[in-house]
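Heads up, the next two complexes both have chain A, just with different partners, chain B and then chain C.
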Partner chain A sequence: MNKVMSNKWFIALYILPALLLIAVLIYIPLVLTGYYGLMDWDGIGAMKFIGLENYINALQDEKFWVSAKNSFLLAFYSTLSLAIYLAISLILASKIKGADLLRKIYLIPMLLSSVAIAQLWIKVYNPANGILNSLLRGIGVENPPVWLGDTNIVLYAIFIPILWQYAGFYILIYYAALKNIPDSLIEAAKIDGASALQIAYKIKLPLIIGVVKVTIVLAIVGSLKYFDLIYVMTGGGPSGASEVMASYMYKKAFTSYDFGYGSAIGFLLLIITLIVTVFIRKLTATDDEVQY
Partner chain B sequence: MNRIGYVILYVCLSLVAVFQIFPLVWLVIFSLKGSREIFASPPLSLPEELKWENYVKVWEGDIGVYFLNSVWYTLAAIIITVLLASMATFAITRMRWKLSSLVLGLFMVGLMIPIHSALIPLFKMYLSVNLIDNPLSIIITYTAYNLPITMMILLGFYYTLPREVEEAAIIDGCSINRLFFGIIMPMTIPVMSTTVIINMIYNWNEFVFVNTFISSNEYKTLTVGIQNFIGQYMTDWGAIGATLVISILPILIAFFFFSNKIVEGISASAVKG
Partner chain C sequence: MTKSLSKGIFYALLVLFSLFFLIPFYVMVVTSLKPFDEVSIATMWQLPSAINLSSYAQAFAKLVPNFLNSLYIVIPATLISALLGSLNGYVLSKWKFKGSEWVFTALLFGMFIPYQSVLIPLIKTIQVLGLYNTIPGLVLTNVVYGIPLTTLMFRNFYASIPDSMIESAQIDGAGFIRIFRFIIIPLSITGFVVVSIWQFTNIWNEFLFAITITGSEQQPIMVALQNLAGSQIVEWNVQMAGAILAALPTMIVYIFAGRYFIQGLLAGSVKG
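And then the complex of A and B:
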């Protein structure tokens, strides 16, 4: 038995196809990104080694910092929105009839492509015929905003479809965690005279805090990677007001043909993502995880 | 809790539900309107007559081609991904070797990688082996990037398979290949179907790889195709709406039939973070 199951040839046969694919298509490119960042390169011609110039330029590039700031703002709003999702989940999990159907309805936007979502919301925000401004005019707002054309509000306008897209995902996770709490605990608290709010705050929340921490990591790291929706809705505009790190990298490489500089930004994006991931995990790690 | 409290809670939950599906309902409404009507009548009015022509018109344009491309890239990548992920998960969870947990770690770290950080080298790699503007580049990229999530969903199930199954098979003189393809894989059909549907959603909706690696119209998928298409139809909202509905319909149909599998897959893919 042990001999058969530790046969090296078979292990190689089963693991290598998958391992080679992720090595060649994920890990080697990640290393190469850092290397190409050291080059002056237009994507087609020869590469010229220029040392750390691209990285130094990127760190002094105001547009890069604006894109990084926007990425972190989206991460911040996404984290705040978890509180709304958690509140909805608490209601949903409190013996509501039809909860199962409702959470499935909430999930629908999550299944659609970001491109379709972006195109749909471009229409929602359309200044002349969009549903949003039509409704606003209907209730008497005379000059509703040009949502995607205003540098002051474009980032918020982009955040609404993100909120819409991911609501069902986080509600699903919280709902599942809340449903795992044994009824007996809640009943005991009720007998002791705890109010619904006290039960939510003092019993349910501490019991699912591990899941909440995971969703914080997901929300922040996910936000740092946003691309599709923003690329389609605004292309980072107007005048860079909705640019994020991934869209700035894409623009530099595939629109301006500055592949060396694009690679440097791509590598910085990787480093920032890894540092933030480790940092958030450290920050949210506790050794007194609640057991039940 | 009293009745008024319940009514308020239901109203809150229903408002969220309306917010979640309202934009989609509006999309279906304007996809069935003529251009004149869209600009002349209030946005929420129902179409005077249902303009199914919008759908016929866009399907006969390039949308039909994009749709078929999306179907076959999605299917091909699903088959390869689920097969390779199952084999790798089997080797990691059931076979005995020193580096197995390290290799598992490599796959799991793949879950966190921002794909944009790998995009430029991938582009150069495909360029140098003539795979730019070739569907093969899309299918192998989808496979590689979906392996980690697929394996993560499979892992739990593989860990719980009883050892006795393997022991009995091997004592009977079964080879590893027969054990895996004949006994283990059929046992994992429930969890495999979850991974199939999660892969379907990911591949169907993928945008940046096709946008970067494919330039010919004949190879584009729906997500990228509708971008160009919508460019041409700037003001024809009916056509744009019809295009979007066609692009999301397969996923909605899958959701209607397999919502429990989808819920299960999405939960499983999030647990570890």
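And then the complex of A and C:
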């Protein structure tokens, strides 16, 4: 091995193409976003340096804070919903008949694109002739909500299809982790007289806690970046009630052609996401062999 | 007694939960098989009186150029990102050098960032390269943003190939490339299938880069699907048929290689 070892720096060159691509198309753009945030720029004409004005404006922009609040609400509900997925996985993994089929059904939405899911749920929520309101009228509800048109409901209404989209993914992860627990452990606990609930809480959960922590990171970080469904279903409306940070950035840059301000929001989004990621990972740090 | 009762409740819960997944999907499929005059609230739940593929024909006619665009984007992007990921994973697991962990972290970082934070300069760079509004532009972008995950997946995959195998190949005089070509690649066919399915699904469904990097002619299927819904004249049955057509490649993959699809989901999320 030693002879070849001396060539290690030469070997490292094989990784150079990937590193270069990533540097040019990920790292440099990240820095440039921060830099463009210092500019007054419509995307076409010349840039004009205006210092921190965009950043200061963003921090005083009520709409930006509403979008940040909505992003964090999504992250909060996504994390809460993990408990439902965990409960379902516990039932599925308890040697129940048809578990495989059910698990496959839960995965169906993973095959559909966000665009298709969004369009399907627009029809579900259509206030006049949607699936949901026709069901509600069928059971006698006279004035069913307008769902995506109601500023008080819209964020929750969008959260349901997000749940629909990702539930199968999390259930799959938990189910696989639970299936890895050796039967002998469970049998031993049963012989000692532990109830199903005790087994779930005292044995299964601690054994898969590493996986649960990873899913918490995934759910929170994923929610902060969330864009697709919201953009297609409401575009952030009505009147900003379902705006999230990612959609607000998009709107400022690509609809209002304020690329300097859009860049500043994009950069703030990056900083917020990174801080939260580091914070959550510190909070959930374990000695487990979990990769990230 | 209580045991069978709780089991009954559990089943009811699971079935209810699966209805939540199936009902929208059922309405989607049933609607896509109806002619327009059969689509109404009253009959929403009913099966079509006869299977009618006219909405598929309409959706197909509208979407086919974009469907092809997507194929032209997804196939090269999947292959290139899988190959690069495999090469990176091979170096980072079998040829560790001083700083290789640091390089690995640097490669992974792209996975965590919100794409809105790079979007504007990224588009500018793509413009400077002369690739704006072209299929190669989207291929390049999807390759680069796929590298973190393909690298992670292959590195974990190669960790399970024993080092002794590489060492004995070296004693037999094989070098870096020969070992990659004749040992690593043949041993990682499953890895390639899993990673390719993962990349295929992700890139096929990708939306943000698609709407910002391409305009009319070069748009991939998801943007066209979105535009199809945006034009008010298009009926619900055609939209649903379009959504199903757009999901067809990923559905076919799931039906024929579901096991690998699931492996990819797990490898991409938790660990290899």
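The rule we apply is simple: the second predicted complex is superposed on the first by the 273 of 292 C-alpha atoms of A that agree within 3 Å, B and C clash if a C-alpha of one lies under 4 Å from a C-alpha of the other, contacts with A are read in each partner's own complex, and residues count from 1 in each chain.
By definition in this document, a residue touches a chain if its C-beta (ideal position, glycine included) is under 8 Å from a C-beta of that chain, and two chains touch if they have at least 3 such contacts.
The structure presented is a predicted model; accordingly, all values stated were derived computationally and were not measured.
Chemist: Kindly say whether there is room for both chain B and chain C on chain A in the superposition, answering fit or clash.
Modeler: clash
Chemist: Report for A:K179: first if it touches chain B alone, second if chain C alone, otherwise both or neither.
Modeler: In the superposition, A:K179 touches no partner, neither chain B nor chain C.
Chemist: Now for A:K190: first (chain B), second (chain C), both, or neither, which partner does it touch?
Modeler: A:K190 contacts neither chain B nor chain C.
Chemist: Mind working out whether A:F254 is in touch with chain B, chain C, both or neither, as first, second, both or neither?
Modeler: both
Chemist: Between chain B (first) and chain C (second), which does A:K123 come into contact with in this model arrangement: first, second, both, or neither?
Modeler: both
Chemist: Let me test your reading of the model: by the given contact rule, A:K202 touches which partner, first (chain B), second (chain C), both or neither?
Modeler: The answer is neither, since A:K202 touches no partner chain.
Chemist: Between chain B and chain C, which residues of chain A are contacted by each of them?
Modeler: 1, 4, 7-8, 11, 14-15, 17-19, 21-22, 24-26, 28-30, 32-33, 36, 43, 88, 91-92, 94, 96, 102, 104-116, 119-121, 123-124, 129, 131, 134, 164, 167-169, 172-173, 176, 196, 214-215, 218, 221, 224-225, 227-228, 231-232, 245-246, 249-250, 253-254, 259, 262-263, 266-267, 269-270, 273-274, 277
Chemist: For the complex, give me every residue of chain A touching chain B.
Modeler: For this pair, the touching residues of chain A are 1-2, 4-8, 10-11, 13-15, 17-19, 21-30, 32-33, 36, 43, 88, 91-92, 94, 96, 102-116, 119-121, 123-124, 128-131, 134, 164, 167-169, 172-173, 176, 196, 214-215, 217-218, 221, 224-225, 227-228, 231-232, 245-246, 249-250, 253-254, 259, 262-263, 266-267, 269-270, 273-274, 277.
Chemist: Across the complex, what residues on chain B touch chain A?
Modeler: Checking each residue of chain B against chain A gives 1, 9-10, 12-13, 16-17, 19-21, 23-24, 26-27, 30, 38-39, 42-44, 84-85, 87-88, 90-92, 94-97, 103, 106-107, 110, 112-125, 140-141, 143-145, 147-148, 151, 166-167, 170-171, 176-177, 180, 201, 204-208, 212, 222-224, 226-227, 230, 237, 240-241, 244, 247-248, 251-252, 255, 259, 262-263, 266-267, 270-273.
Chemist: For the complex, give me every residue of chain C touching chain A.
Modeler: 6-7, 10-11, 13-15, 17-18, 20-25, 27-28, 40-41, 44, 84, 87-88, 91-92, 95, 97-98, 100, 103, 106-110, 112-122, 124-125, 140-141, 143-145, 147-148, 151-152, 156, 167, 170, 175-176, 201, 204-205, 207-208, 212, 222, 225-226, 229, 236, 239-240, 243-244, 246-247, 250-251, 254, 258, 262, 265-266, 269-272
Chemist: State the interface residues of chain A toward chain C in the complex, per the touch definition above.
Modeler: These residues of chain A touch chain C: 1, 4, 7-9, 11-12, 14-15, 17-19, 21-22, 24-26, 28-30, 32-33, 36, 43, 88, 91-92, 94, 96, 102, 104-116, 119-124, 129, 131, 134, 164, 167-169, 172-173, 176-177, 196, 211, 214-215, 218, 221, 224-225, 227-228, 231-232, 245-246, 249-250, 253-254, 259, 262-263, 265-267, 269-270, 273-274, 277, 289-292.
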